[in-house]
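Shared between the two complexes below is chain A, which pairs with chain B and chain C, respectively.
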Partner chain A sequence: MPIKWILHWQPNAGTTVNTQILSEVSQCAESINGVKEGRWKTILSFYRAMVREQGSANEFPRDFVGISLAEQPSKYFLVIRGQRVVVEAESNIQMIMEKLQSYKTRFVLTFEGNQYQLGDFQLRVGKVVPTHSESLRGIVMEMEYQPISSWEKSHQIMGEFFDLWQEALSKRSLQGHFVHLEPNFTEYGLSDQYTLQHTAVQYASITAQMISTAQTVQPNRN
Partner chain B sequence: MQQQAAAPTQSAPPQDATAATGDAPPKQVAQALERLGQAGRLIADVRLGADRLLEGLFFVAAEPHQQSSSKFINLILREDSLMRRHLHDLRTIGRQLEESGVLTDSLRSRSNSWGLHMPLVCPDGAVVAYAWKRQLAGQAGASAVDRTRLALKAFTDQKKRFFLHLADDSVVESAKKKHCSPRAMNSQEEIGDQRTLADILLGLEKEVPNLQAFTHQRLDWLKQATSLTSAANESSLKNPSFPSSSKLRQGSVSISTGDKAAVIELLVPCVFRAVVSLHTAGSMDPDAVAFFSPDEGGSYLHARGFSLHHVYRHVSEHASMALQYFISSSPETALHCLLHWVCSYQSLFTKVCSKCGKLLSMDKQSGVLLPPVWRPFRSFTPTNNPQKSSSNGSNCSLDLISAFHISCFSDKA
Partner chain C sequence: MECVVQGIIETKHVEALEILLQGLCGVHRDSLRIHELCLKSVPNLGLVSSEVRLLCDLEQPEPTWTVRHIGGAMRGAGAEQISVLVRTMAESKVSKNALRLFYALGYKLDHELLRVGFAFQFNSGAPMTVTVSSVNKMLKLHATDEAVPVTPGIQLVEVTAPASSENYTEVAAAMKSFCEYLAPLLHLSKPGVSTGVVPTAAAAAASLMSDGGGTTL
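Up next is the complex of A and B:
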């Protein structure tokens, strides 16, 4: 399947994300001949293990997330970053976990926004909000190149597109920039051929990054 | 030829049980075959007309004198009106064929087809005819002997028309003689050494390490192309260490002399899949080429098809021009040159443009970001000695070919 880079917005020191930045980014996508196609939504949930004994609570990882991706609503992806584990399951796993009372959702984030087609590239610009809330926590972007599915082969062309994008965005003088973090997919047991599991791992990574950035800025939050 | 196919229908029983929807199946099949024959004749007329037009244009360009040019201008005008009429007739027949289900294979699901099948026209233009079957399906008036005799006659005619390589030896001999004489006069002896398709493909695989080359018969390729989508979906979910289904595919470089290849597939994993069709099965004359993503699959994946992605569509367009150039400049080595030139696209997503030095550029005409999709073909000469190139390091000659964005190339010219 086509390769995808997922980027997140890094605000300049002392600033925060706001909806103005989001609309500027969307306009930038349209200015480079992007055609708005529709909307997309991805949901990421943090899970907490439900344990009987208090002592053993620390044995369970705290960074266990479950992701429902826009492209494949029938699947659910579970990622534990600390142990470099990614698992693809059917979407009814959520119901199973709930019925078994084994894991409970701690916190849920929604990534949603518009999608743009630029020739063979597809861009998704989205806001990051906690579910049932309107407070903007971040901005993400998905950059997809449809002809190729090899991570390695596409690296050069994606890098150039990323540079082109940054250049177009820099003309708008926004307080921040997009960052691309590349997780080490081999550590997760993933191959060079891109899959939805790669996307899940990228989402888990950027969420962790966004949270740690937010916590350094405002340590009393959450 | 059409008379022979149409004649057996006259012995069909007069009281055809006409279904509520129209003619009985035998008549529909006969009509469909007749129309296909007409379409074939019209296509031949269009081709001839195009040749005459081009001839006229060449003469006018070469000798711009008043007297001869007016003669050729009249010829061009006449051919133009003839061509338009042929194309109009072709369109009409195409519509009729579509309605009768020939091009879409929709009639197979009908229950009262008497076990007869409409001829199927594959997406890449090959026709699979089952006309002889209608003779065996039963024509109430004729006796068993008559029916068998008519079936044999119809089958032999079909065989002669559609399966030329199984035809009489005399036909094959004369075709071979035509091929041999230009080759003897060929001064490029090293390319002449690679006489068979297998030689060319083996040489290519040695020169280009990542390349996988396959040959297919025309219908086999259609089946293969349709099965590619399911293979692509499966491999994305599989464990990476599991052997991919592509290794188990049919078709190989080492074709035996019995198999007559009609389609060549060149696959550079993760970069492109190129499909080249040969004019007649077993020949060395390419007549179409198209590029696709290695992840694409479906019945539209053939030498005259179009990829879903902009980048491959542009490459296909450029490749068609290269093919015409290779055919017109040196027909004997056209396939060899084309296949080598196609392999230069292994660097499609890595080689920067030789003019602007960048990989991505916005194409002004289509408004789409593209890598350098043009590789020059006019001065292209493939290396004939695979040993020489491998000693210098793999595929160095193909690496030296420059790449251009569309607008960069036209600015340079």
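Up next is the complex of A and C:
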């Protein structure tokens, strides 16, 4: 299973993401000889607890996320960040969660864009938009290296590739940069061998980060 | 959605039932050893309280986990007229930390069981599964090695078949026909409608044991 880093775009203070940045990032992938190879898509749903009595102390999390990955559409991943739990299930689990009526889907984000092949690397650059909307909420990039499946062993080559990428992108003088968050996979009970569960944890982490950044930039927004 | 009927049989007649099922299904039996954990939502979670089952298949070299939700039974005049229970059922295989997930989500263990027996999967007008198992309870939390039967000397027989809102009448009819073959040994009915053991069981079992199931009942 190839290693993957999932990065999100951090706009400079006082700026926001826009489609111009997305287009520049895509052009950058092509300028370093990335060969466009079709589209990719990830869907992330926020589940919010349905509570009978508001305000009382609860023994359960306020929310968790459910993730569907294009490379394995028959699977579904549930992540509770607070308790560091990730579970891999079949897509049918969505129906079970719906029937239990204990958590409800509050909103759904789609991550989608183009895929580029660069030797042993694959880059996927895309927008983050709420379902049934075109309003851009973020920019995300998947950086995949196919020959290695150990998170630890791939760290150096991934870091070097990321530096090259940052250098290429810096020529475009964009208002922001890609950030690589490294979740503590051990806390989730995941080993060094990369799996789709690692991908799900990364998606949950960058989404939480994007939301908290958006809330810092726009403190009065509900 | 699934169609389901249940019945009970004395353990001493289970071997005869197995011979009969082997003859009827024409397939080999699968051994069954399932640790079933029934979880319920904590009081404040959800608009209504909910229940979910985690099944751990201990028969596999590496135990596998499934989440199962059994919904309400179909109601109304149509449902009354058919002899099997039609209910919603959804299942999903999950990774081994599913119990941790549901505990984290606000579910608590209500009870746990260990089902030990065998199952036949076959097609008789519709794809069906017959399971014959002894239901055991654990004396200590998760201690499947120290489980004891809930009803010694009695085993549970369950026939299930996947169905949809379009085909459930056909599936129910196929299931009813199949159950008639088993009638001399046990009576199968909707879950919750207990009909006990059948008086002909001993004679039918003796006959099956003597000719190895070669004679059609």
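Going forward, the second predicted complex is superposed on the first by the 212 of 222 C-alpha atoms of A that agree within 3 Å, B and C clash if a C-alpha of one lies under 4 Å from a C-alpha of the other, contacts with A are read in each partner's own complex, and residues count from 1 in each chain.
Everything that follows uses one rule, which is that a contact is a pair of C-beta atoms (placed from the backbone, for glycine too) under 8 Å apart; a residue touches a chain by one contact, two chains touch by 3 or more.
This one's a predicted model, so the numbers in the text were calculated from it and none came from an experiment.
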{"item": "Combined model on chain A where chain B meets chain C, clash or fit", "value": "fit"}
{"item": "Touched partner set for A:135, first chain B, second chain C, both or neither", "value": "neither"}
{"item": "Where the C-alpha centre of chain A sits as vertex, the angle toward chain B and chain C in the overlay (nearest 10 degrees)", "value": "80"}
{"item": "Touched partner set for A:74, first chain B, second chain C, both or neither", "value": "neither"}
{"item": "Chain B versus chain C as contact partner of A:59, first or second or both or neither", "value": "second"}
{"item": "Touched partner set for A:120, first chain B, second chain C, both or neither", "value": "first"}
{"item": "A:173 touches, of chain B and chain C: first, second, both or neither?", "value": "neither"}
{"item": "Chain B versus chain C as contact partner of A:90, first or second or both or neither", "value": "second"}
{"item": "Which of chain B and chain C A:153 touches, first, second, both or neither", "value": "first"}
{"item": "Chain B versus chain C - smallest C-alpha distance in the overlay, whole Å", "value": "8"}
{"item": "Contact residues of chain A, present in both the chain B and the chain C interface", "value": "88"}
{"item": "Contact footprint of chain B on chain A as seen in their complex", "value": "1-2, 32-33, 88, 118-121, 146-150, 152-154, 156-157, 160-161, 164, 190-193, 195"}
{"item": "Residues on chain C engaged by chain A in the complex (per definition of touch)", "value": "41-48, 50, 52, 67, 69, 71, 88, 90-95, 97-98, 100-101, 104-106"}
{"item": "List of chain A residues in touch with chain C within their complex", "value": "49-53, 56, 58-61, 64, 76, 78, 80, 83, 85-93, 95-96, 99-103, 189, 197"}
{"item": "Complex contacts: residues of chain B adjacent to chain A", "value": "235-237, 240, 269-271, 293-295, 308-312, 349-350, 358-360, 362, 366-371"}
